[in-house]
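Listed below are the structures to be examined.
Each of the next two complexes has subunit A plus one more chain, namely subunit B in the first and subunit C in the second.
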Partner chain A sequence: MTTATTGSASVLTRLSTVLAPLAGLVLVLVLAAVTTPQMYTPDVVRIVLFQVGIIGIAALGQTLVLLTGGIDLSISGAMAMTSVVLAVTTGGSDGRLVAGVLLSLAAGLAVGLLNGGLVVLRGVPPFVATFASLVLVQGVVIAWTGGAPSGRIPAGLSWLGQGRVLGQVPVPVVVFALLALAALVVLERTTAGRRVYATGFNPDAARLSGVRPGLVVVGCYVASSLLGVVAGMVNASYIGYVDAALVRSLNLDSIAAAVIGGVALTGGRGRVGNTLLGTVMLAVLLTWLIQLGAGAGARLVVSGAVIVLAVFMQGRPVRIPRITAREKDTT
Partner chain B sequence: MTHPTRRRGPRRRVLTTTVGLAALLVAAGCSTEQEGSSSSSGSSAAEDCINADEAQAEYTASWTSVKEAFGLTDFEPVDETVCQVDGEQWKAEPKQGDSYRIAFAAQGPTNSWGVLSDEALKYHAKELGVDVLYAAANGDATTQVDNIQQLTSQDPDAMVVVPMGDGISGQVKAAVDQDIPVVLCSGLLPDSSGAVSTVTRQYDLLGSAYAEWIAEKLGGKGKVAILSGLAGVPTAEYQKAAAEKTFAKYPDIKIVTTQYTQWSPTVAKTVAQNLIASYPDLDAIWSDSGYGALGVVQAYQEAGKAVPPITGDSINEFIQATEGTDVQYALSTFPPEMSSTCLDTALDLLKGEPVLDKVYVDSPSFTDADGAQYARDDCDGGLLVPSSAPEDLLVDLKMCKAS
Partner chain C sequence: MTSVAAPRGSRAPRLAAFSGLVRRGGAVWVIVLALVLALTFARGTGFWNSGNIAAVLAGAAVLGLVALGQHVVVLGGGIDLSVGSMVTLTSLLTAVLVDGYPIRTVPVIVAMVVLGAAMGLLNGSLVSVARLPPFIVTLGMLYLVSGVALTVSATPAGRVTAALTDFSRATLGPVPAPFLVLVAAVAAVWLLLARTPWGRHLYAVGGDQHAARAAGVRVRPVLLGAYVTSGVLAGLAGVLLAARSAIGSPTAGSGLELSAITAVVIGGTSLLGGRGSLLGTVGGVALLALITNAITLLQLPSTWTDLVRGLIIIAAVAVFVVRRPR
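After this line comes the complex of A and B, so read on.
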């Protein structure tokens, strides 16, 4: 009986990690309906979906790294770098688009390997390693472009940021959906996915089980950087120009989306569904605040408060009172 | 002032208030006989102001040129007292060797504005045979505090500072206290900094000129959205405050929302898409940047809606994107190449020549009526046009192609 009760408590505790962000999302949606009815017009829904797409792609990479117990602060660097690589190598010409994309992916691969290498081979804390990578990438971009990144993104890529499926659904959210589905399958249905969880939950135990945690960690950092490149392509093609201020807040957004959804900062806990939930909530929240006409200060306060609340709840999971056999007898 | 923030780019003709001013002042005698001559502001501070009338005339001229360019009927300068600095106090021979060494506490090449600001000063220094001690803050005030301390320790003849924030005032004061004349460049600091002269484009002017253009365009009635750059950053907030003050004169103009674009066309485009949904009957958009305006134009065009009258600084890409359209706009510039004027001002001080305590740089302003002529297909989209930076410098920086 005790085991069964404990099992129920565990299920409920796990459910709470989904229910809490879901409740938050419902709350925001209701508040939005009351305060800004235009939130539900097709135009605004499309804005939300676009935000879901761009934040979600970056958040997927962040989720993989978080699951291993790390964090990736270089995602925005990979995005900015992609924009510059695309513009500089293609000169805005569709003819060189493939080369530009391949070079962007190669650059993303290099950043991912650097992050993974620093963390695994040198034992550098992920926060420090990826922040160093971010600074390094920024430095390389400044040195390469003389500090004035500029140029156009090939028009042939505009469908990625500006296109709509069936005339309504922004392409970025479709890309995110496909990538999320792939991540879901890999994490939930493959050996590789189980190794990711095992590594994040207990790397020593994983090693004893024959998993090579280092390889898993490096793989996740590489995947994160490559997803950052994809997010960078989406963002660059959305505006069509190199935008030096393009991805200033994407690091925070990607972490926030995963954490709000319930992915643990300590590693080993969290699912793609959590990230999806957190991404949708963040996108709705950010759009709602703009619709409300909230100032930048209010937006940061609300976003920060939601993240703090999410982290707080992660640290103190909902506890279900355990009924012992003795208590059972007395009733 | 955090200039990573500053998204302004180069432009062609910077008509600085220093042009001919020295001659004017010298001709006027530069004497203290004119002390107490009242400026148009009528400030009590003007009582101790040297050459107040001439200085004030130069100040007023920068407002008049924008008034004429935008075709404004009601646009007067805000009160400001501009005086002449006694250059004799700072007259000095080079401390080392035959040429002056000028310390340059720069923003650093964090964006195209910063690149051209840095390089224009270095280019001009080379022309004049002046040595430059350079330190880049990379847009960070804390870094700049350290930079100024290090530059001061090298005992330069004078220092030019592109201020990254009020937090550097103490270091500027310390440099001045060591008899190093400091010229602030492309930004402001409190008077307590002790800087000898400030060379900048006036934020009040830009913010209020854009607002006045919109007010007159709307006949004093309508709904307006304000798109500022970065919240809390002085370069953005000064302009926004000036705009709000101007709009307040028109009771029938309603500011329906104030948003921040981070001076990013991408962010501005997202914000504008929200504006279209929330305020479909918006009459005009006050934007402090061309990058912001560019995102707005894209959002409206993609939505198949007419772009409301809009303002901003004149980046090449915006002018190109609106060429052949009926978008109504008013643009001006915050020229990075004014750094060469900053250098001239520092050197004037060392030569004992008269300079103003506030040199308000004038630069081209224009509307959609004549904007197309400034588009440059041979130059980068981020270039602020028209640029007065030397052509060979623009080519060297790969901002323009060689002709």
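After this line comes the complex of A and C, so read on.
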């Protein structure tokens, strides 16, 4: 009997972390149905799916870093950098596409190592370290391109941003699904994944049990930057030309998606499913705002407010039944 | 501040002396002096030109006010990432609301300071009453406030009065008027920190919040005060920025938050809170203002500004940030 109550209690506790985002999603969907019925046409649904893909890829990287107790504010820097590297190295032709892709990944690796190195070796607070490298990356991009980033992305890459699978599903969301699946398997089924959770939950305990927290943290920052590069490729190939200003808010969106879904800022708590849910909710919300005719400013306001609200809600878990509390006390 | 805990283990005495110098805010002045000397040798006449000196001092005013606010918040163990967007919003609103009518100047200045205080109060309440992490609260505010600024106007707009532009160009001897505002603000913040119970409590709260509470310090009002101070100073900085640029821009203050953090960090203030010197922060502001000036004087391409800024910031956080205790 005890096992049964413990089981149901733990299910309820687990559900409570996704309850708030689910309720939010349903609310937005209902509001959208009332105010902008065109939300449910195939065209708009495709926009939502595209947004899910792009925000989701970045949010996966953000989730990894959040799980270690850090935060990555340089993801949008990696994205902007990718489009510039692609355009400059290929010059818009397909011939050197492979070199462009490899160079972007190498640049992403460098940014990730810089972030990880500052955080691990120098003990710099993550938000300062990654914010600083964001400024550095933007500075490099501006100095390199002479202030006005421009150029064309090779057409050979356009399938990544504009293609559709089975005639309907945008490629970005498929890429996101595959990456999410990979992240899920790594986090839930491998030693490496358990080390990430252990490091985020309690680095000292992790060190004592034989994990090298520094290595884990650096790995997560590198993975985050590389995922930022992938998101940048998707974005660049969708637009087809370089526009450094466009990806600026994706930093916030990736954090918002993870945190809304229930990934803890303090590290060690959160699953890929949380991020998936948060991403879908944010994508629906942002698309709804666009359908309502909101400008870039209003979208920033909503994203900013949503992130503060989500963190606020996280500190106050939904209290469901009394059993949960009592079970928690006894265990 | 005299009883700094001895570093653990046996560190080389030279290194310990260095870190002591860094903490007391002396290291940054050495760098400032070196840079002044270098600029004197490289561009002596151009640098010591009274017009150029006035430009350096005036340029330091906006950053200085924002860095002062950041200093207070960081001392309390927090961080304020929203200062840049607060400067953007207040400077844009100053230009848009004044819109060239002299009679509106004073009410708008007062309103902007109040608006800054209100945004600071919101930050402070979310941090101290709702107990949310400062960086995520102020990051959310950064985007929220810049979103509001974009909604007010997505393009440069508004016009300030002649009174404001005249003030930003006025000089008292060789010293520009905006710099005097900064001097007054530094004096006020120094008084608040060193001579009031609130200042002492702020150090206590930043050093160890729980110990401070156990010792009878009321943590909430102390933290609220820190964020409100930061907001008020950002509001003032916004007015000064609007006065200098004469029109409002929806991107006027972007990036100021990181420059302010850099100034505070180079000045030897610990990002963990509770320890820092005002002299160091002022030195950090001087250094950043000099670097901006050097890029102009040495006629480097203006597109390099961000790159140089980024390199300095990375170097600063890599060298000056005090290691987290393990």
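Assume the second predicted complex is superposed on the first by the 298 of 331 C-alpha atoms of A that agree within 3 Å, B and C clash if a C-alpha of one lies under 4 Å from a C-alpha of the other, contacts with A are read in each partner's own complex, and residues count from 1 in each chain.
We take it that contacts are C-beta pairs under 8 Å (C-beta built on N, C-alpha and C of every residue); 3 or more make two chains touch, one makes a residue touch a chain.
A quick note: this is a predicted structure, and the numbers were derived from the prediction, not measured.
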Superposed on subunit A, are subunit B and subunit C clashing or fitting side by side? clash
Touch test for A:142: subunit B only (first), subunit C only (second), both, or neither? both
Let me test your reading of the model: by the given contact rule, A:290 touches which partner, first (subunit B), second (subunit C), both or neither? first
Touching A:303, do we find subunit B (first), subunit C (second), both, or neither? second
Classify the contacts of A:133 with the two partner chains as first (subunit B alone), second (subunit C alone), both, or neither. second
Quick check on the superposed pair: does A:35 touch subunit B, subunit C, both, or neither? Answer first, second, both or neither. neither
Is A:209 touching the first partner subunit B, the second partner subunit C, both, or neither of them? neither
Which partner does A:43 contact after superposing on A: first (subunit B), second (subunit C), both, neither? first
Is A:312 contacted by the first partner subunit B, the second partner subunit C, both or neither? second
State whether subunit B or subunit C is in contact with more residues of subunit A in the superposed arrangement. C
Regarding the shared-chain residue A:123, is it in contact with subunit B (first), subunit C (second), both, or neither? second
Where on subunit A do subunit B and subunit C both make contact? 142, 146-147, 295-297
Contact residues on subunit A for subunit B in the complex? 36, 38, 41, 43-44, 46-47, 50-51, 142, 146-148, 150-152, 162, 235, 238-241, 243-246, 248, 287, 290-291, 293, 295-297
In the complex, the residues of subunit A that touch subunit C are 71, 73, 114, 118, 122-125, 127-129, 131-133, 135-140, 142-143, 146-147, 204, 249, 252, 255, 259, 265, 295-305, 307-308, 311-312, 315
Of subunit C, residues touching subunit A in the complex: 79, 81, 126, 130-133, 135-137, 139-152, 154, 255, 258, 261-262, 265, 271, 301-311, 313-314, 317-318, 321-324, 326
Subunit A partner, complex, touching residues on subunit B are 7, 108-112, 114-116, 230-232, 256-260, 262-267, 269-271, 273-274, 276-278, 291, 294-295, 298, 302-303, 317, 380-382, 397-399
